[in-house]
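Labels run A, B, C and D following the written order; every chain starts at residue 1.
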Amino acid sequence: MLVVMKAQATPEEIQVVCDYIEHLGFRAHPLPGAQRTAIGITGNQGEVERGNLEELPGVAEVIRVSKPYKLASRDVKQEDTIVRFQGTDAAIGGHELAIIAGPCSIESREQAFAIAEQVAAGGAQFFRGGAYKPRTSPYAFQGLGLDALKIMAEIRDKFGLRIVTEALDNDTLELVAEWADVMQIGARNMQNFSLLKQAGRLRKPVLIKRGLSATLEEFLMAAEYVMSEGNYQVILCERGVRTFSDHARNTLDLSVVPAIKRVSHLPILVDPSHGTGRRDSVLPMARAAVACGADGIIVEVHHQPENALSDGPQSIYPAQFEKMMGEIEKIAPVVGRTLPRGIHVGVSAE
Amino acid sequence: MLVVMKAQATPEEIQVVCDYIEHLGFRAHPLPGAQRTAIGITGNQGEVERGNLEELPGVAEVIRVSKPYKLASRDVKQEDTIVRFQGTDAAIGGHELAIIAGPCSIESREQAFAIAEQVAAGGAQFFRGGAYKPRTSPYAFQGLGLDALKIMAEIRDKFGLRIVTEALDNDTLELVAEWADVMQIGARNMQNFSLLKQAGRLRKPVLIKRGLSATLEEFLMAAEYVMSEGNYQVILCERGVRTFSDHARNTLDLSVVPAIKRVSHLPILVDPSHGTGRRDSVLPMARAAVACGADGIIVEVHHQPENALSDGPQSIYPAQFEKMMGEIEKIAPVVGRTLPRGIHVGVSAE
Amino acid sequence: MLVVMKAQATPEEIQVVCDYIEHLGFRAHPLPGAQRTAIGITGNQGEVERGNLEELPGVAEVIRVSKPYKLASRDVKQEDTIVRFQGTDAAIGGHELAIIAGPCSIESREQAFAIAEQVAAGGAQFFRGGAYKPRTSPYAFQGLGLDALKIMAEIRDKFGLRIVTEALDNDTLELVAEWADVMQIGARNMQNFSLLKQAGRLRKPVLIKRGLSATLEEFLMAAEYVMSEGNYQVILCERGVRTFSDHARNTLDLSVVPAIKRVSHLPILVDPSHGTGRRDSVLPMARAAVACGADGIIVEVHHQPENALSDGPQSIYPAQFEKMMGEIEKIAPVVGRTLPRGIHVGVSAE
Amino acid sequence: MLVVMKAQATPEEIQVVCDYIEHLGFRAHPLPGAQRTAIGITGNQGEVERGNLEELPGVAEVIRVSKPYKLASRDVKQEDTIVRFQGTDAAIGGHELAIIAGPCSIESREQAFAIAEQVAAGGAQFFRGGAYKPRTSPYAFQGLGLDALKIMAEIRDKFGLRIVTEALDNDTLELVAEWADVMQIGARNMQNFSLLKQAGRLRKPVLIKRGLSATLEEFLMAAEYVMSEGNYQVILCERGVRTFSDHARNTLDLSVVPAIKRVSHLPILVDPSHGTGRRDSVLPMARAAVACGADGIIVEVHHQPENALSDGPQSIYPAQFEKMMGEIEKIAPVVGRTLPRGIHVGVSAE
């Protein structure tokens, strides 16, 4: 159920409606829009009686949301969600494309700083790096943990990059929330509902990667788990699905981008690194992602990928990152976007 | 690496080898077999120098395990693993088929007892029931939690059934370990590595369901995560993979059963309920599972499936459960198995 | 549309209805059942006006068939279709399981006869062998063509086996119809609509293998193409679908067997050889196929699979064929079936 | 095997090598390149003895091609293949993007002319339209056949568009070869090896659509079938593969574009209409296709899609086609391409 407030409704009137919803034993989710505020109602089994609600001051109408995802649905919020970061110009979902770059894993302070310097120079606003790594084998490198989080905090201070890193469970999620700017939930945890709920209770932006065999509806329901707890700063990310394909590690499903845009107000990024698993496919698919309307790119960059402890074959070189930025800068205007303000990538005419 | 002890090696000699391995900074996993004990070594990067090991008393040979899964591999342990339950005849992986039956969710004490009585009468040794439910929607019934665990503990006392139930995260896993007999890790958590490790530290049998798009190798690596922590009581379960299929909720991949048997010593069950999502396909696929060599069946049974809070359409009626038992009893001898001792299902000649 | 005749309707009354349908410009498909005859109507766009039809003598009712497949639907014909072979006891779809066995390709007269002798002794009623091979590579062995057809005709004469072999196009289909007993249309041609129509015009039984990514509906629509031309002797065959699986060449989708049985009257076989691509999985999956209700098995047998020109790794040895027959003989009664009359396979107690 | 000729080898020397290869009982495929000619050898089982070949005048070296596809491999021909059309500037695979547009089916002369006029005005060089339709149902509209071919021949005369249309079998292929400019082999016939060989014997460009579950290797082997018969004018086309996806009819696998470019010299187009099955996804995916390096686009356009006899929901309006052309014109230079000479699409700056 959704309560749509009148354009001129006052904050007090909105509060009264929220209080009334909570008084009924449900949860109220005020979602401010450009024209008017909508208030999502969750926690109800079946329909909420709308009679009294419709008579409260400031209420325009009460409508039913038919999709299984409510708060993530464009029916509930027409305007695109823009995730902003206090004290910075960085944003995800706005007019400017969001560029997140960095190594698969933080391997050392030196490695991390070397790469951070280059992706910052290349125009990234966000730095990614694994502190806690979900590895298929228990015997593989599992990440530097808290040490990696601290290194990335230094990188934020030094280069002004916002930090994106993955959490594996409730304990590491709290550490990530403390030290980083975006809490990433990986593809293999996309339906770890306990972790999603915990991410909803922490008030930091959450980046959810699509599961290897997740449908669009399941993808949005993962977002809904976070949002149902009151955290509306959710960013989606396509990273390839699993098919019979023999030419790439995963099949990057770019058509999910326009599909998400149709039904949801949440921003969606694309990860061409995991999406293909091959360095020589990253740039073509990054260009394609921008061309089809993605809100940004998350890409693995390593200054020495041949020595990387993980994901070396899909990490691009800093020079390739620079080339990629030059290419997407030219494509961005076709879809009404730009690279971040002040960044004009100087790539030679080729 | 694997240290194979001589047949006549003494417990003291085995202990000396384990101590030496731990002294080198690795982890020793003694795995007793019918003829001789093997000791798996994990925690090493690359090869362990085998010179000194081979000279220790009682050591027959030191061999390299080339597969990514080590402790789960049949190279390390030739004999089938049989998971036993103290104080009972119930076992999984032995000559007798293991039958696990019960409702998707524990909905009430009455519902649970009604179903438990019927599946016990029908020949099940294990009772399944959801206390913590991984639901796609945050607004769907999430299970009765601890109350459900307590109800199932009563069922164990009353009917002598061993209890199998799912945990969603580290907190619920500890509760499940306390109250139940088998800790289930669901398909959506098959690569929740934090949960797998925690299951490895708790000393209870673990049932791991295959992920919706998990390869055989990933499936066994999930088992390896548990085993690498020292818990070798792992049971695998096929429950259908996700494909383009339009005639079933999932595609039950029965050919994984002989494939697992070739490369691993762990028992493997089949879940024809989630595997098909359709009541009228459960019996045919249960028969097929036994026929292709599965170690048992886990099946959803409900006395009033039309009223079930979850998975009603795939839950069979108690009368169908009885029929199923009669059918698989006849098929079991073809694959050298039987139904549990003392149970002779009385089904009419049809 | 479907015209259901009264139980006591005369052949003349049936003919009058058919003539009337054809007179309207449509096609009439009389389908005799145990109780009464139904007459399918195809060729119409939208609904046929039923008024006059319902008033014809002998007509019980005129009903609409809502599924996209009409003649293949159980709505049109309740009784299972049994495909019979004149002058023999062999049948597909009846009480007795149909067993089709033989090499992937006919490589020589000696090879074919050696294998035929052994599968006949083992209890097969049908011999399979490739004359025209659909090979992924244009440079691979393409089959002996007409010579192979002639060899198989000799095998029919000598061993009394009915011959099943694949056609690749309209030209080879005519030769197959002339020399063999069952025209096989392979998985890669399941939507070769021109070939399906041609198979419908030739009056020989047609075995259609499920395409690698065919849905149940597409599978039945392939049968419908054949039937819409007036040939109702159609046999379906599951042979594995393509998934991400790493442990088998294809994923054998046994749950399609009960699904087909629900909606169609056509017989369905299972091919565990192509379905798994591994010799050591063939017997387990053949047992499973019978257990879940398949009407029979089509299996590759070779006396020297290590020297086979194609599909060696998935061909079983004659001794394995004999073992398989012994196993399925014991499972058959559980699903109300038997092996063919007079064949009692003598397999030792193991 | 591949014979690489010296740069200065004469036509006579090339002919001598070809004759020698044919004399050995193999087939010679001279493939002229910018620098030198290579001669592919097919028809051999195992390696050809290279001794005598290497000593023939003009031969630089004899090398083994290790991939299963030979003539389609970039190992055999470094330069991109450009398919040209006599008497026109139209080409596929060159600097200019190839744009193929038109309705799913030719429904009438009026419909075809109305659409052709608009796509010609919008900048297409090629007109597509179905004469023979591969329909899942035998009861669906099957195309106008020869009448449609004649209508498209008129369209070529009037608008200067080259004609692309599908053939379903050997008979219709001959008609298509006679009346059209490009013979299309549809996704469902990608492994109809009889049809591929026949297309190889006819000397017209062939457009092969990727099968619904075809791997990259199988896709290239389909091309190899055509090429092995001596027809090297092969164009590949990605049109979506079948997955579990719920948000699109197929999953458009754009990452196959850079993968094909790595291993083959053949041009590859993208079909965003069948690839998504949704009108509102066609433009985003067309942009993405150009951005990732495709050689062109094949797209369904209909002036009245709501009345189309087939594929209405995925056909774009002429105004959308014009918009698409304006968008890809801006993206093309980023990947070193342009729209065809003389066409400058006038789309507002938006």
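Keep in mind that, in the parts below, a residue touches a chain if its C-beta (ideal position, glycine included) is under 8 Å from a C-beta of that chain, and two chains touch if they have at least 3 such contacts.
Since we're looking at a predicted model, the values are computed, not measured.
Peer 1: List every chain that touches both chain C and chain D.
Peer 2: A, B
Peer 1: By the touch rule set out at the top, what is the minimum number of steps from chain B to chain D?
Peer 2: Step count on the best path from chain B to chain D: 1.
Peer 1: Is the C-beta contact count larger for A-B or for A-C?
Peer 2: The comparison resolves to A-B.
Peer 1: State the chain with the largest centre-to-centre distance from chain D, centres being mean CA positions.
Peer 2: B
Peer 1: Please report how many Å separate the Cα centroid of chain A from that of chain B, as a whole number.
Peer 2: 36
Peer 1: Between chain A and chain C, what is the separation of their C-alpha centroids in Å?
Peer 2: 51
Peer 1: Would you please write down the residue numbers of chain A that are in contact with two or more other chains?
Peer 2: Residue numbers touching two or more other chains: 213, 217, 242-244.
Peer 1: Along chain D, where are the residues that touch chain B in the complex?
Peer 2: Chain D reaches chain B through residues 242-244.
Peer 1: If you look only at chain D, which of its residues touch chain C in the complex?
Peer 2: The contact residues of chain D facing chain C are 42-44, 68, 70, 134-139, 168-172, 188-189, 191-195, 197, 212-213, 217-218, 221, 224-225, 228, 242.
Peer 1: Using the touch definition up top, name the residues of chain B that touch chain C in the complex.
Peer 2: Within the complex, chain B touches chain C at residues 213, 215-217, 241, 243-248, 251-259, 262, 275-276, 280-281, 284-285, 287-293, 327, 330-331, 333-336, 350.
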